[in-house]
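Some structures are shown below for you to check.
Two complexes are shown next, each including chain A; its partner changes from chain B in the first to chain C in the second.
== the complex of A and B ==
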């Protein structure tokens, strides 16, 4: 079984700063394997080990996604090999463009049975790349996946739904987005990091792939900081918890919220 | 301009209908789900419904390609609610049209042949306004079920589903809750040391007539509460009159979910916790002392 994990090398918005003009400054935010992607890698690794398959890491982005540190961070987490589409033309690429490039890379890899992704990327968090990727491939997409196995030639997928869980059977290839708590990812040790340097990596530019042209232009006309409510930031002394509680209840009552 | 709305079995699309109507032109809904859902939407203010049939044993996701076929090459905007099934249908349409995907939009308007969209980006740290020319897929808050206001024709099309079936559905052991409707919410975070201590937090919620919510790890890592109680960037976004953030550090991923609250009270042992910057009232101290005292004071 050939399993691709589409992962992202991205910074955390928690470490970015936003200017008064709403422009996001990422210069102090270090990139890493996107927060939830290790869960997807772990699910894929366990499935491959159970079925005698192969796990291929796939990412697309500007050249920085192919830096030595980025490669090792990815390959030390359980991939057998990686395909990296590293092209500065992808700087600031939107969801659809990124998904189209990933889909083209999946076709380039060939005979892929399953694509697994994380729940959402840490920097954009739209949860749309997996579903657009599935659309590009014409495969079914399933999110919130908590477990996956192969039984009688079918993919058996468990997922969370509103108010419960569901078991699905899928007959062909599919794109699955792992729930954030689907598995506890292994932490790479020194041996994994050393081995990562020896794993095969295929680096591609976008032009090497058959990517359909996008027909939409999106131009930013204005940026701003979110209009946050002004908060009172009134601190209540808690030396005496009972007195603090009484003071808070009084304050909430006079503010009309109790 | 012609606007499409994709619907994955849940007729709560009032906000989408309103947005589509404001763009002008014809509004068509592509509906996967029981006939009753198609009828509710046909009565809810659209011009036309394309019904792809009752999925039966297939999940709505099985109809993603069929929905993309139905929408076809119809330019303009395609709208979908921010729910898992709806996102899958919208993703397939976006792929077919090579349409730009924009999420978290707070306002959408037509300008010339294009659209002007204002939205939150990067997990809520900034907002941008963009001009869009060409096909676009918009993910919006679904809003309520639209009120009956007309009777659009329902056109049934035969759709062939992708090879995916539901073999088992199990109800969650957690009681379901709709936090978005709660006037008061007590949110609990990693400051709570043990699952058994939830009783103390539930007592506070009861005394303050609040629903219980939590940060992500409490629902998704520790599994102490149901997922529908998780408040944050990928969970519930709430706007109650009063929010108690108890043992919550105030990471961005959580706070974007509660910024609509009228009043925020923060209780945390760390005086430098980020949560105090976004609170109206801050209490620095041990929640195990403050929460029972507060519960008592509220009685």
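== the complex of A and C ==
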């Protein structure tokens, strides 16, 4: 079984700062494996170990995603091998563009049974890549996945829904986005870390892939801080609870909240 | 000269930090308060390969360098000095002499079990009457046919009672002074070998420190480690590495105390502002940060020399001396920065203060380190004239 985990080598917003004009300064941010990706890797690893499959790490971005440290950090987390699309043409690439490249890479890998991604990326958090990637591949996309197994040749997927769990059976390949609490990722051991540099990595440029041209582009036009709203500072006397409740409801109605 | 850690070392550092936060930090205060040896941590440490870091893969180790081992010890100590010394005493003092001086048969029998964490190790040199004066130990080992018979006692043995394999020094020839001491591998449950009650200590309370008693304890002849009369030498060589390990532990304790102090100083408001804005606090933090960094560099330098096959006894002594005294100083300042709260169990700095002191004592007191450093410095000066 071939399981691809699409991971992101992303700057951690912890060290980013926002200027008064709303522009984000990423210069001090350190890059690493996106926060929720290890959960996806854990689900993939468990499934691969249960079925005798392999876990292939896949990422796309500027050349920095193929730096030695980025490779080792990713490979130490549980991949058997990695495919990295490293191309400065992808600098600043939007979600739809990245998803198209990832889809082309999945086709390039060939005979992939399953793609798992993290819930969302730590830097953008749009939750769009799994869905657009699935659309590009013509596969179903399922989010909030908490468990995945293979039973009688079918993918059995559990997902969180409001008030419960939904269980799906999927016959063919699919893209699953792991819920943030689907699993506690294992901590890489000494052996994983020291062996990481020796695992096979295939590096590609975008031109080596068959990426369809055109398609919808999504671009961020601007970011801004929220306006500071003036506080109403309205006090309601609660001596008479019933009257106070009525006054509160009126106030909320007139503020357009109710 | 490259002052950067390698990519692998950086990843190891990140991994141990993650492990320490997830598995050690949640229990650190409790195991200290209850003097409880954290048995549940041993298989978890083993699973991520932290019990055999500097040993080759052929012996079940991680195959990493000694510098990586010091990083592991430091990162664990940041969060829990007890856990750090359990690992350092096991891997550095218990396993190392067998790795370095053992016969192929001894390595085959014991090393894999130690590096995998299946068995814990310990080193027993100190006796009630022989601390700094390590050569004056009275425990004897008399050859009787195919066995040595051990009689005597040891004191202050780290991992005592939980270790399965003990490297024990004993007098095989009382007339030859330190040249009459030999080292042996003794397994727990050997008839005649018992472990005494745990000491109630000021710090590193979760680490088990016990006496050992040998009463006509018979061990096979091939339990001798190295040759007869080499025991003192084996101990001193083992302690060179052990010293760097304790230095790393001291750096970790100090760093943890500094991290806590910075976090506290940013939150604590007095006179309408966080105390971190006050120069008195800032200068304390500056001194703490500088001394910790200097101590860490001494540790790295000694570890680098060991990894590169250079004689490193002087540098190990310097690292241990400086790092230990730094840890005590920094921990004291940490409590000062925390004020009254620092004196309570609600904050981790009082534990750092209690834990730091032992680093100035075990594996060679600061006085011994000064003797060593001065001796080497004086000898060296003579040689260059």
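Quick note on the criterion: the second predicted complex is superposed on the first by the 217 of 258 C-alpha atoms of A that agree within 3 Å, B and C clash if a C-alpha of one lies under 4 Å from a C-alpha of the other, contacts with A are read in each partner's own complex, and residues count from 1 in each chain.
Convention: a contact is a pair of C-beta atoms (placed from the backbone, for glycine too) under 8 Å apart; a residue touches a chain by one contact, two chains touch by 3 or more.
This one's a predicted model, so the numbers in the text were calculated from it and none came from an experiment.
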Margin query: Just to be sure I read the superposition right, which of the two partners does A:189 touch: chain B = first, chain C = second, or both, or neither?
Written below: second
Item checked: Which partner, chain B or chain C, touches more chain A residues -> B
Notebook entry, point to check: What is the contact status of A:152 with respect to chain B (first) and chain C (second): first, second, both, or neither?
Noted result: neither
Next item on the list: Using the touch definition from the top, say if A:136 reaches chain B (first), chain C (second), both or neither.
Entry: first
Margin query: Quick check for you: in the superposed arrangement, does A:20 touch first (chain B), second (chain C), both or neither?
Written below: neither
Notebook entry, point to check: Can you list the chain A residues touching chain B in their complex?
Noted result: 13-14, 16, 18, 22-24, 94-96, 99-100, 103, 119-120, 122-128, 130-136, 138-144, 156, 160-172, 174, 179-181, 212-226, 228-229, 231-236, 238, 241-242, 244-246, 248-249, 251-252, 255, 257-258
Next item on the list: Could you please specify the touching residues of chain C with respect to chain A in the complex?
Entry: 7-8, 10-12, 15, 18-19, 22, 47-50, 53, 62-64
Notebook entry, point to check: Residues of chain A touching chain C in their complex?
Noted result: 68-69, 72-73, 76, 187-191, 193-194, 196-197
Item checked: chain B residues touching chain A - in the complex, by the definition given at the top -> 59, 61-62, 64-65, 68, 84, 87-88, 90-104, 116, 118, 120-137, 139, 162-172, 176, 208, 216, 220-221, 223, 227-228, 233-234, 241-242, 251-253, 259, 262-265, 276-285, 289-290, 292-294, 296-298
